[in-house]
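Here the chain labels run A, B, C, D and E in written order, and each chain numbers its own residues starting at 1.
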Amino acid sequence: MEAADLERALRPVLGDRLLGVEPFEGTAGRVRFRREGAVDLFRTARDTLLFGHLTMVGGIDWVDHREVVYVLWSDTARQYAILSADVPADDAHIETASAVWPSANWHEREAWELVDISFDHHPDLRHLLTPDGYVFHPLLRSFKLHEPEELEVKSRHV
Amino acid sequence: MSSATLYSVSYALAALILNVIGFIIPPIRAPITNVDVVTVLAVLIFGALLLAASMLNTILLIWWERKLLGRFMDRRGAMHVGFAGLLQNFADGFKLFRKNTFQPAEADTLGFYSGPTAYMVTSMILFGILPISSGWNSGSLPLSLLLALAIFSFAPLFIFVSAWSSNNKYSLMGGMRSAAQMIAYEVPILLAVVSVVILSGSFSLTTIVYEQQNYWFWGPLVVALIVFVAAMLAEMERIPFDLPEAEAELVEGWNTEYGGMLFAFFMLADYLRALVGSILVVLLFLGGWTLPTWVPSAATSFPLAGILWFMLKTYLVFGLFVWVRASLPRVRTDQLLRVGWNRMIPLALLSVFLAAALVTVRCVPVFGCVPSAGA
Amino acid sequence: MSEMWINMGPQHPMTHGLWNLRVKIDGEMVLDVDPEMGYLHRGIEKISEDRHYNEVITLMDRCCYVAGFAWEHLYILAAEQALHIRPPERAEYLRVMSDEFQRIGSHLMWYAAFVQDLGLMSPFLYGMRDRDLVLDLFQAYTGARLTYEYMRVGGVRNDVPPGFTDRARKVLDWLDDRYREYDALCMGSTIFRERCDDLGILKANDCVAHGVTGPMLRAAGVRRDLRKDRPYAVYKQIDFDVAQADAADVTARYLVRMEEMRQSNRILRQVLDWLDHHPGPMMADNLPRWLGAPYAPIGNEGYLLKRSYPKGTGFSAVEEPHGEACAYVVNEGALHPYRVKFRSPVFSNISAARQYLVGYHVADIPPIMGSVDVCVGEVDR
Amino acid sequence: MTEAKTSDGENAADNPILYVARPMATAARQFAKSLRRPSTIVYPYERLEDPRFRDQVAVEPGRPIGVGQVWDNYRGVHALNIATCISCNLCAFSCPDICIEMVTVPGDDPKHPKKCPQIDYGKCSYCGFCSDACPEGCLTMTTRYELSTPHRAEMVYSPQKLNEVFRSKLPMNPIRLELPENEDRILLDPPLCIGCNACARDCPTQCITMLDVPRPDAKPGEKLPKRIWKEPVVNDSDCVRCGTCISVCPKECLFWGSRP
Amino acid sequence: MSATPVSVPPAAKPAADAFRLEGELPMAGAPAVPMFEIETLRAKEFLPAAREALSALIKDQSENRVIGPVFNWARRNSLFPLHWGLACCAIEFAAGFGARWDAERFGVVPRSSPRQCDLMIVNGTVTWKVAHKLITLYEQMPEPKWVIAMGNCATGGGPFRTAYSVVPGVDKLVPVDIYIAGCPPRPEAMLDGILKLEELIRERKE
C-alpha cells in the first residue's frame, strides 16, 4: 500500500478534512487530517483499509500547537500507517479512538497526562503513570528538568 | 536408647538433684527424696529431654531440607554459618527471638498470640506419643496412633484462629484455604491408616512396628502408602499442596502478619509437623526401627541402633518430600479438593479392601504370611 | 466471604516489578481487575530530550531491563532513520546476534519467573543459571551484564573478541539440552497441565482489538512477527520460522516462547557462521563528529548552530521478546532529539488484563500474569 | 510458520500414566549432577575474575560455570593515570550522567594547575563513554566492582583515589577506538580573532601556536581593529578535539568544520 | 575508512591473559577450594562471639554483655531481605539468589512479608509515587532493621535523578546503612554489600 492508495481511499470519505498523505519511509504513509474528521477516519481505516490494530497514540508538543500521532498496523497489508492531527495548544482536544480500537484507552490516558491533550468521550480518563492529582504535564516543552541539587538549593531559599 | 533407658537416666538425674538439695538443706531432705517427688521430677526432666531432642531434630531437619533443596537446585544452600551451615537455623531462631513482635492495629490480641502458641504446643505434644525405638513406653499406649492423629488434626483450628485474628485479607484467605485443605485430607489419611490397622490388628504404634518384623507394610499396602504420603504433604502444607502459604498469590499466606518469635513458632511448628509426618510414614509403612531380616544382625545389635536406623529412615522419607518440593508445581484449591475427594478417598478405600482381603487369605505369595496377631 | 477489593502490589510476589493489580474477588473468584501502573515512571522520554543521540542509549538499557538490546536496537533504528544514516552490514549482523541472545535471555528470565509463580522452585534456579551463561557472553563483548551501551547511532561500539563465536556455539549446545529439560519439568508434569490448560484465554480478535502482541498474540493463532512481516536489520537473509499455537491459553504461550527460543538458537547459528567469515567495519562512514563512535558528543553547543543538520522523523518497530515495540523519534536538527516516543508491548498487554483475568481463580492470577511476561520498566518508562 | 510443540513432541496429556514422573526424574538427574559440584561460586573465596579459579572450572555442556568470562572488557571502577592526563575535559563532557567533575590536583606547576576527573559513583552509570572519549588512554575501566560503603561521601572518587586503582594493576578495558578519518577540525574565523592567546594558553596538548599575521595598512578613513596581530594555528595531528579552545575563545571565532 | 576498533595496549599493561577465553582447561568438577574446607570457610565466625559471651558469663557481667555477642552473631548471620523488585537492580538481585551466587549461603532468604524481614534492599529507582509505600513497608518491618540502597538509582537517583518523578536517593526517605554502587551492581557486589552490612552490625554492639 502506498501513500497514493491511502489518499485515494480516504479522500472521498473525509473530503477537505484530509490535509494530505505524505510518504513516510518504512510505512504506508503519513496521513494528516483535521481533528473534525477523526471518527470517520478511524472507522474507515479500520473497516475499509483493514488497519485493525492501533499500535500507539502519542502526542508531540510543538509549542504553538500539539500533534497527535496514531500508528496503525494492518494484518492484511503487513504495513504500518501513521495518522497525525494538529490541535491548537490552548484548546487541545480530539475525539477518542478507543471506541474504534479499545487498545487506544491507555495510550490516550498517557497522552492526556503527559502532553495535555484531552480526548473527548474517553471512557476512563484518569492518571496512569503520574500520581493522582499531579497537575503538571511533563512532556510539554515548557516543563524543564533540574538537577536535584539545584532544586534543593532553590527550596532552601524559598 | 530406649524410652526406658532415657527414663532411668532422668530418674537418676532427678534423684541426684533432690539429694544434693537435701544435702544442702538437711531439714527438707526426707520429704523431697520421697519416691513420688522424685518420679514427678524425673517425668519433668524426661519431658524436657524429649523436647530438646525433638527441637534439635526439627532444626536439623530444616538444615537437611535446605541442603537437599540446594543440591536439587544446583546450588549449595546455607553453608557459611557453622560447619556446612549447621548453625544457620540457630542463628535464625536467636534472631527471631530478640526481634520486635508486632501486633497489627486492629488485630484480635487473644487470637493473635494464642494461635501460634497453641499450634506450636500441639505439634510438640506429638513427640510424647511417637515411639522412636523399641521399649518406648509412651508409644505402646493401646490407642497411640489414634491419639497422634487426633492431635495432628488440631492444627487447622489454630491456623484459622491466627489467620482470622491478624485482620489481613491475605491471611484470612490463607487460613480458609488451610482449614478446607486439612479437613479434606483428614479422611484419606484416616482411611489409609485403617488399612494399616487392619493388617496389624492394633492401634498401638509399637505393635504396628512389631507386626512389620517379617515384611514392611509398604509392599502390600503400596496404594495406602501413596495416599498417605500425598495426604501428608497436604497436611504439612508443602508443595504441591502449599496453597495456604502460596507465595505467588497470598503474600505469605496465613503468617503474613506474623514476625519475630510468633513467626518462629509457625516455622518451627511446620517443621515439627513435617517431622511427625515423616515419622508416621516410617512407623506405619517402613518398619519403624527394624531392619529387614536379611540384614546381618551386626547392623542392629550395637547400642542405639534402633534410633539410628529410625532417624535415617525418617530423614530419607523427608528427603522424598523435599524431592517432591523441588520438582512439582502447586495445585489450585479446587483441584486440591477434587483430588482429595475424588481420587484419594476411593484409592484409600481400595486399599482398605486390599488389606481386608489380605487378612482374609492370610498369606501373600511375595510378602509372606500375615502375622497371627492380625484380626 | 462477601465481595472485596484486594491490592496485589506494589510489593507483592506476583507482580515481578512495581505495579499494582487491584482485584475484586468473591471468595476465590476474580470479578474485576484494575491494573494501576506508574510506580516506576522515570520520565525516560523527557530525559531523552535533554540528551545527545548516543546518550539516550544508556536510558534504553534501563528502560526494559530484561531486554536491553532489543530496546537499544529499537531506538537506534528510529534515530538512524531520523538522522539519515545507514549502518554497515557487519554491525547489523552483530545487532541481530545481540537481539536474539537477548530474546533467549529474556525468555529464560520469563521462564524462571513464570514457574516460580506456579510454585515450581528448582526451574527458577535453572532458568537463572542458564540465563547467566547468556549474560556471560554479553559481558564478553560489551563489558556489562544488563546495561550494555553497545549499539551506537551508525553501528556498534566494537567487534566481538576472538574466539567468541565458538564460545557462543557451546552455549547454544548447552541451551538446546536445557530446553528439553524445561519441557520435561513443565509439559511433562500433569499438575502443570492441569494448572495451565484453558487458563487466561484471550482469543485472536480480542488480542487485535486490545493491541496485544508478541507471544500472546501468536499463541492465539495469529502469525505475526515483525522479523518476518517487516524485516529490519538483516532478518530478511536469515532462515527461521515463526512459532505459533492455537489454544490461546497459558500453555500455548509457554509453548510459543519455548519454540521461539529454539528458533533463536537456529538464527544465532546462522549469524555466528556469517560473522566468522565476513570481517568488516563497525561504524558507518561520514558520521558527523558528534555522533562518531570513539567520542561521545562534546557539550559545546555553539558549534552546532553553525552546522545545521538535516531534519527528519524516524519510526521503527522491533519484535521485542515481549512483543511489538515501536519508537518515534523527531529530529529537529539539534544535538538532542526533539521528541522520543516509545510504544511498549507490555503496556498494551497489561491494559487488556480485564479480558484475560476475570472469571478465573485468585490462584490463577500469578500464572496468567506470568504468561504475559510483565516488565514494568518498559510499561512505565 | 511452525506449530509450537515441546522438544520431544510429547506431553503429559498424551501420557497420563506418567503423571509426575518426568519432572521428578529431571530434578533427580540435576541432583545427581550437582552432588559433585553445584554451579555455585563461593563468592568471597572464589571469584570469576580470578584466572586461577577460572582455570579450574570448565565449559563443557553439563558444567555451566565460567562460560565466556572475559573480564578484561568489563566496565567497573575507573583507573586514572594522573601522570598522562592532559586535563582535556573530554571525559566530563562525554558523561551522560554528569557525574565527572574536573578538580585540581596538586602538581609541580603552580601557574597551570592540573585538573583531573573526580567521579561520583553514586551517579555514574558505567557506560564507558568517558574511557572511550579519553584521547590519551589514561582513564580506563577496570574489573573492580565492589564499591559498597556505609557513607555516601565515600562513593566520590577523587583523582588520587582513581590513581590508586590504576596502580593496583587490575585488568583494564583494553578497547581503544581509532579516530575517524573525516574528523572535524578546529577552524578559525579570521576577521573575528583578536589574537588574545587564550586558546593557545589553555590547549591541553599545546598544539596551538600563535603565528604573526601581517598588520594591514590602514586605508584612509578606516580604523584598524584594536588587536594583537597574531592568529592561532592548530596542529591537527596533535589535536585531541576537546573543544577547550572553542569554549575559552572570548570572540567565538573558533568553530568546528572540515577542511578540504 | 571508518572507525574500526583496534586493540592498542592501554596505559598499564593488562594481565597476561587478556582476551584469553578462560576455562578451556578440562578440570571439570574439581572444586577450587577442597570440599571439607569449603564448608568451613566462615564456620569459625561463631567462636569469637561464644568466647566473648563465655568470658562475660565468668566475669559476672550484666545480662546484655552475656547474650549480646550471641544475638549479634545471630542477627548478622540471618538477614532476611524483603522480596520485592523495583527496577533493573531487581534482576541482579534475583540473579544473586540464583544458582550461581546463591545468597542463601549466608543465610539471606528473601521473605515476602515485611513483618518477617530485617533488611530492605532498595533495588531500583524509587519514584515519588511509590515513596510513601516504601516508607510504609519500612515501618512495617520490626526492629532491628537495616536498609541497603542497591544501585545508583537508590543511592542518588542514578541516570534518572533529573526526572520529575524520581526520588533522588532513597536516603531522603529512610535511613540507609549501606550504599552499593553499580548500575546495576553485579550480584557479587550485592553480596559484598551484605557482607559489609554484617561487619557493620558486628561493630554496632548493643
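As a working rule, a contact is a pair of C-beta atoms (placed from the backbone, for glycine too) under 8 Å apart; a residue touches a chain by one contact, two chains touch by 3 or more.
Quantities reported herein were computed from a predicted structural model and do not represent experimental measurements.
Undergrad: Everything stays put except that subunit B is ignored; which chain groups still touch one another?
TA: one piece
Undergrad: Which chains are in contact with both subunit C and subunit D?
TA: Touches both subunit C and subunit D: B, E.
Undergrad: Quick one: point me to the chain whose Cα centre is farthest from that of subunit B.
TA: For subunit B, the chain whose C-alpha mean is farthest off is A.
Undergrad: State the pair with the higher C-beta contact count; candidates are B-E and B-D.
TA: Pair with more contacting C-beta pairs, B-E versus B-D: B-E.
Undergrad: Where the CA atoms of subunit A average out and where those of subunit D average out, how many Å apart are those spots?
TA: Those two chain centres are 39 Å apart.
Undergrad: Suppose each chain is reduced to the average of its Cα coordinates; what separation in Å results between subunit A and subunit E?
TA: Computed from C-alpha means, the inter-chain centre distance equals 45 Å.
Undergrad: If you average the CA atoms of subunit C and of subunit E, how many Å lie between those two points?
TA: Whole-Å distance between the two chain centres: 28.
Undergrad: In subunit C, which residues are in touch with two or more of the other chains?
TA: Those would be 12-13, 38, 41, 43, 46-47, 50, 58, 62, 122, 124-126, 129, 132, 140, 147, 157-158, 161, 164, 167, 185, 189, 191-192, 283, 285, 287, 292-294.
Undergrad: Which residues belonging to subunit E are in contact with no fewer than two other chains?
TA: Correct list: 1-5, 19, 21, 38, 41, 98-100, 102, 105, 112, 129, 156-157, 159, 161-165, 169, 183, 186.
Undergrad: Which parts of subunit A, given as residue numbers and ranges, touch two or more other chains?
TA: 129-131, 138, 143, 145, 147
Undergrad: Pull out all the chain pairs that touch, please.
TA: Taking the chains two at a time, the touching pairs are A-C, A-E, B-C, B-D, B-E, C-D, C-E, D-E.
Undergrad: Which positions of subunit E touch subunit B when the two form their complex?
TA: Within the complex, subunit E contacts subunit B at residues 38-43, 45-46, 70-71, 73-75, 77-78, 98-100, 102, 104-107, 111-113, 115-118, 140-144.
Undergrad: List the residues on subunit C that touch subunit D in their complex, please.
TA: Residues 51-52, 54-55, 57-58, 62, 122, 126, 129-130, 132-133, 136-137, 139-144, 147, 149, 157-158, 161, 164, 167-168, 170-171, 173-174, 177, 179-181, 183-193, 197, 219, 223, 241-245, 252, 255-256, 258-259, 262-263, 283, 285-289, 292-300, 302-303, 306-307 of subunit C touch subunit D in their complex.
Undergrad: Mind listing the subunit B positions that touch subunit D in their complex?
TA: For subunit B paired with subunit D, touching residues are 70-76, 79, 323-324, 326-328.
Undergrad: Which positions of subunit C touch subunit A when the two form their complex?
TA: Those in contact with subunit A are residues 37-38, 41, 43, 45-47, 50, 81, 208-212, 222, 224, 229-230, 313, 315-317, 324, 326, 328, 330, 338-339, 341, 343, 347-348, 351-352, 380-381.
Undergrad: In their shared complex, at which residues does subunit B touch subunit E?
TA: 66, 70, 73-85, 87-88, 90-95, 97-102, 247, 251-252, 255-260, 263
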